[in-house]
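To keep things simple, chains are lettered A, B, C, D, E, F and G as they appear, and every chain counts its residues starting from 1.
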């Protein structure tokens, strides 16, 4: 029950992030939204772990953290680069 | 076989000079061999199985008819090679000689064929080689057009023939000619019509005659050979060969005789109108072929006999006439009846050749043409009833006209038109001798008519056993009706001919344009169709494809079973699914590139979440990683482009949206229609993975072991894709721009 | 025997990888590619001989139960087509080695290895007894084709490559969806099991699956109306690549169509397939007639000829399917030679546009012969292989009394000839536009190799014509095997 | 003077790299029994490559070498069984009890997976080469 | 021994220890096998060409104190955001302020940046290594000075936690 | 079959097709990526109802989700990943050559189509 | 789930919700980044603590690794976002030392 509530809430956060990704307006906003999306899925996985007591997916969370970071760095780096190049 | 060797030999000649001499060897050999068999009764066969499963074989049967025709084909062939040497003078003619030789071989194969497929093989071979020969002057667009026309008509006819042969083989139960018995019935009628049409195209019968006059664009040796002795006779020979099989079919003789006589009439009219000597001969050939067709399909013993005789006589005199006109052509540079003048004195040899061969054509004694035509008239006389009268009338009128155009030709060509006589180039023996020989043969043939009869009769008898009782009569006697008709024909024709000698309407190739127009029309239609179908625009192709896929889904609609469906696996699936689709729509709605790419990232995240919900953590993990890389790659690779996507028109956008919705529906329907009574082998899979694969993560074991081959392929795909990325980035811009497209790109773009 | 099958799949991949890293050492790549392809051809020959006498060879990859793992199946049809395909690729590679110094040569550092990847994909597509592995094989073929088509980065290539990529990717997506439907409905992707289970499905579902895969494989095979990618993409690629594509790639689509639809008993789709066959023939040849460029004409011909193979399939009779198989076998070398000649023309004249070339019959008589014979074969003129193949199909049509398709098939031959004549009169006769003709001079040995390779392919095609008797027999046996899938099922499962 | 590249980012990436690679190694070795595997490991290493590329820190250069290693590994696993008369891709599992470490279980699937990883890493290197991503790592930007 | 010292400076050793711990954590088991394999992996992945430049020492006490403050900030930060979200606040008071740091070493800057970012209402916008100045975004301009002081404190701790052999930038 | 999944697949396909039919290579690329998602989800849906992650020992075998379609999906993801990257390079090259990323028509096709259009449709 | 763990999980979801609302509500990008870059990782950390209580020491250690990875990387990511916005699409705000120091006033 508690897990379900939590999952739904993280789902809502994901949706909020999706909306921000869709409406922008700055590119950085979209990037940030993507970040929030990743973290909310990470959180959902953690909720599942709390619910089931299984840690199978925890290493996956580490990957998510790294990967989310990668996307943000590359995108924001690119935004700057493009702006300065023009 | 000798011919094939000959072709190779000629092509591989180091020195072009003796091309014709070498080429001559093969037909000489076959002519001598065939001549030695004339009149004899023996029959030789040869058979080479090709595709037994399809009853395909190459088989020959050389009997009296084969020998007679082979003498004509090869004998005249020898003379043509001699003539060709004189006609062309010098230059590298290896290709021409080889092609001519190949043609000659094909023609032999055709007349010797004992199998419908062999016959068809050589039938098509003559079409193709004649195409090459007619187009010898390949830089002349008229010659090229004529060659194309000839090829199209004959090959199209060939395919009709093929269809007819297929049906015939079906009815007759065999493909071997000598094993076929007479057939009748509906299917036989179909076969008969198809085969006759095939024969008509080859033998230039109305309305397929249109290719022949145009083919005069060929060098005269070609015309003399193809359009006198050989190719155009193929249709006649075919009708003859089919007579024992299809002669009993009702429509056979009616159709053949009607078309033949009409052609005879129409060809003669054409010959009377033209001012080009060669065209006159061409139209004359059409006319003569009409007569032969009529006789051959008439099918009585006498008619077949007459037809074979005509084939022989025509081959001899028409080749001579062509050669003489060709000689005039190369020595004066003209073939125009209206301008040539004074040739009787300046070219006496050609004159006498024309006179003798012309008289033979007109059917005047003492020339071989006379008894042949007598036989034809007698055969017409033998027909009873109204149709018999009609046939007689037709043959008579046609013959009158034949005499007329012959007279006109000789008179107009050699008359003095006042003014300067036409300049004439030096005499060439090689160009003149063959025609002299042939016109002399006309006389000799008349003199030796009994011998000729001995050759013709067994040949005709192989087609129609009742042909045996007839002979070529040098002098039929004054009590012969046919004789008086003949005399009337000659007299009437001469008067008309003399009168027409002064008149020439401007040359108008009646009907020839129709084929060209048909071809052009076809090309236009093809272009139009292609323009519609192959639009050149990728988005349209994709729309078509999506619509086709949507159509393919229709049967699935009948297989959706609501009992097998459930709304969702987990409620969260519904929520996340909605989010995914919404994000996907955002991808389409966002007009900035990086923005759309980031929205794609959100879709990917959502899909990962769906994977997790579905119980597929490996997929989720991979999807997440992949998604990130793609977003990064997108941003780095394409972020530099102008930020906004171009807008497009309302209609096109509506089409796209409509297509998209249809495609999406189609995919949904397909999935919903799945039966889902999966006989699961999850247990055995799990056991196998753990015991033999040595791992608990089933997906991983499948990927690295059970289905490692797929993974192997998959990583190779990655390698290749990466090499492609590298190659594209290294592609030198200068080289890439090396094939510059014009600025019309934008204009052409819709 | 199964070891040979294994080598056939993996060695080209390995050789390709070595080729990629060989750097400037061109001779390494030449030895690798030619050696591998020659070996593959030899193996294919051995396999054909073995299968012909001993029956189907089945390789269980990884020694897994066929219900769990992947099987590679060499039956008669596979072995037959495999041999022709391998030999064709070998010849084309020889041509490519000769051509590499011309502007029309592909980047040899990539093209050789990529051709090997393509080869492994082709092998896999022919041999796999697994629908998903077929997908992977398709992707192998496609990705190497994409890169081969576009790696030079020319503008026209990028454009046409995009068309090729987009349509085929779309087809790949549809393939996966179809695969999902099949798996959901039958619980397997093993062809032998599918041959058992699909016929047991309800009619609508079965038809749906059949149609869906008709679209998927039809796109690969370039049937109407899914062919548009082909004529837009082939002409821009380097000759050698086009030759392989033209000769081979669409035929893989046809092969798979035949295999899948016959094995799973889709006879009810016959009339539809025949209709599509007729349209494919006619529209393809219409396209050829409309073009004014050698390569484009030839490209449209591929489509038209696919129609014939489709016709054989659509009849769903022994004779029809055997006809389709032998047509396929005959068509590969013929088409390859024609495209190679197109490449030689381009090399000689600097273009393949009809209005800019002329009179080659005089200047390049050998080229004229190299073109004329396969062109006649394509038009179905005897005694070339095309005639027999067409005759077999038409005969099969008459046997099943499907008059319209027979009439169309015959009429189409004339149109084919018209377009061949168009090339002939445009290229070999007449006179060209001297200004735009810029012959590419390359070293004689290279030229000789190119002509030699073309000639070898032509000889192979003539040999096929000469030995059509045994070929037809093999085709009939292969068709019989397909029509009665129990042998296939038993070979795989036991 | 403020440079285009933030020193903070570079340090963070340097600090995170070992951990990321460790995670990659874990995914690689654990993949046979839990989520992960050679492909995921390769992607994580690839992510590190990406980070280092855009930050202008050293990264592997020659993609083809990775491909060579990777393809060689997978091909060896595929072909080696043929030498022993086994079918293509027939894999072996080795289970040994090693002193100190206890029971070690591994198989040729691991080698196969290593090949996959190498190829994925090579893919990243190639793609970042191909897309000129190194441009982003340049320190030319000045504000 | 010198070679060992050269290749395994103290920071790298600590890093390796941490990595081995992480390795064991990921495997869910503390066993000899895991430690041995973890060591192997950690040594490889902490190679100088990969990881942070391992020059200089580590002082545990300031590091722990820094951690404690950051943890405290974290909680505060949470409440802060919660408050801002729940109350309809108007952000007219945003500001970007520059704060001078005692060090321009990268490791310090990174540590500071991490610490600052979790501090309530602040985030690092840019860093100027030449002037050792860090620019922060603050949500509440009126608290700018307090924030600056807090950041100074964090910076001091960071510098003490990771003492440098020299004050110049470490080679990278 | 979960209707939700089928609808999601359909939705993704729709948007994917819409984008694929665009002239902009970037959008085609986006569309292709979406189609890839759709295909992978379709495969997953083919595996039947959601279950536990297919790791032997985590749950009874009967409760595990079907691993085979997951393996298919994984392979499909990877392949479409590689192709997407290649397409990216292709689009980039196009942009390099023409300054934008718009798909060009086949000029020869357009020439023929325009010729016949000019002549009217009576041909 | 133990009550304590449940409390952490719920608290985490609450914070996450706040971060989501903040992302949507805040007017300036900077403010949104505060919500995105701080609240959401905190939410995760809270849930992780809750989960750790359920999974024993091994699980706790694993979560610690994840937490370290996140804490190491996320602030830097947020920093980059701020920087990107400030450099490319700056929002004029009252006091901007950075703009002043670099001579780029944006108002």
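By our rule, a contact is a pair of C-beta atoms (placed from the backbone, for glycine too) under 8 Å apart; a residue touches a chain by one contact, two chains touch by 3 or more.
Since the structure is predicted, the reported quantities are computational estimates derived from the model, not experimental observations.
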| item | value |
| --- | --- |
| Separation of subunit F from subunit E in steps, with touching chains one step apart | 2 |
| Common touching chains of subunit F and subunit A | B, D |
| Selected interface, A-D versus C-F, where C-beta contact pairs are more numerous | C-F |
| Farthest chain (mean CA position) relative to subunit D | B |
| Chain centre separation (subunit B, subunit F; CA means) in Å | 45 |
| Rounded Å distance, subunit B centre to subunit E centre (Cα mean) | 84 |
| Whole-Å gap between the CA centroids of subunit B and subunit G | 78 |
| Averaged-CA centre spacing for the pair subunit B and subunit A, given as whole angstrom | 68 |
| Shared interface positions of subunit E, touching two or more other chains | 22, 26, 28, 110, 113-114, 124, 126, 128 |
| Overlap residues in subunit G, where contacts from two or more other chains coincide | 19, 21, 33, 37, 58-59, 62, 65, 68-69, 72-74, 76, 78-80, 83, 87 |
| Overlap residues in subunit D, where contacts from two or more other chains coincide | 2, 6, 8-9, 12, 15-16, 19-20, 23, 26, 30, 33-36, 39-40, 43-44, 47, 50, 54, 64, 67, 71, 75, 78, 88-89, 91, 123, 127, 130-131, 136, 143 |
| Chain pairs that touch, as defined at the top of this document | A-B, A-D, A-E, A-F, A-G, B-C, B-D, B-F, C-D, C-F, D-E, D-F, D-G, E-G |
| Contacting residues of subunit C [partner subunit D, same complex] | 2-3, 5-7, 9-11, 13-14, 16-18, 20-21, 59-63, 72 |
| Touch list for subunit A against partner subunit G, complex | 2-3, 5-6, 9-10, 12-13, 15-17, 19-20, 26-29, 31-33, 35-36, 39-40, 42-43, 46-47, 49-51, 53-55, 58-59, 61-62, 65-66, 68-69, 72-73, 76-77, 79-80, 83-84 |
| Complex contact set, residues of subunit F against subunit D | 53, 55, 74, 78, 82, 85, 88-89, 92 |
| Parts of subunit F lying in touch with subunit C, wherever the complex brings them together | 1, 9, 13, 16, 20, 25, 28, 32, 35-36, 38-40, 42-43, 45-48, 68-69, 72, 75-76, 79-80, 82-83, 86-87, 90, 93-94, 97-98, 103-104, 106, 108-109, 112 |
| Parts of subunit G lying in touch with subunit A, wherever the complex brings them together | 1, 5-6, 9-10, 12-14, 16-17, 19-21, 23-24, 29, 32-33, 36-37, 40-41, 43-44, 47-48, 50-51, 53-55, 58-59, 62-63, 65-66, 69-70, 73-74, 76-78, 80-81, 83-85, 87-89 |
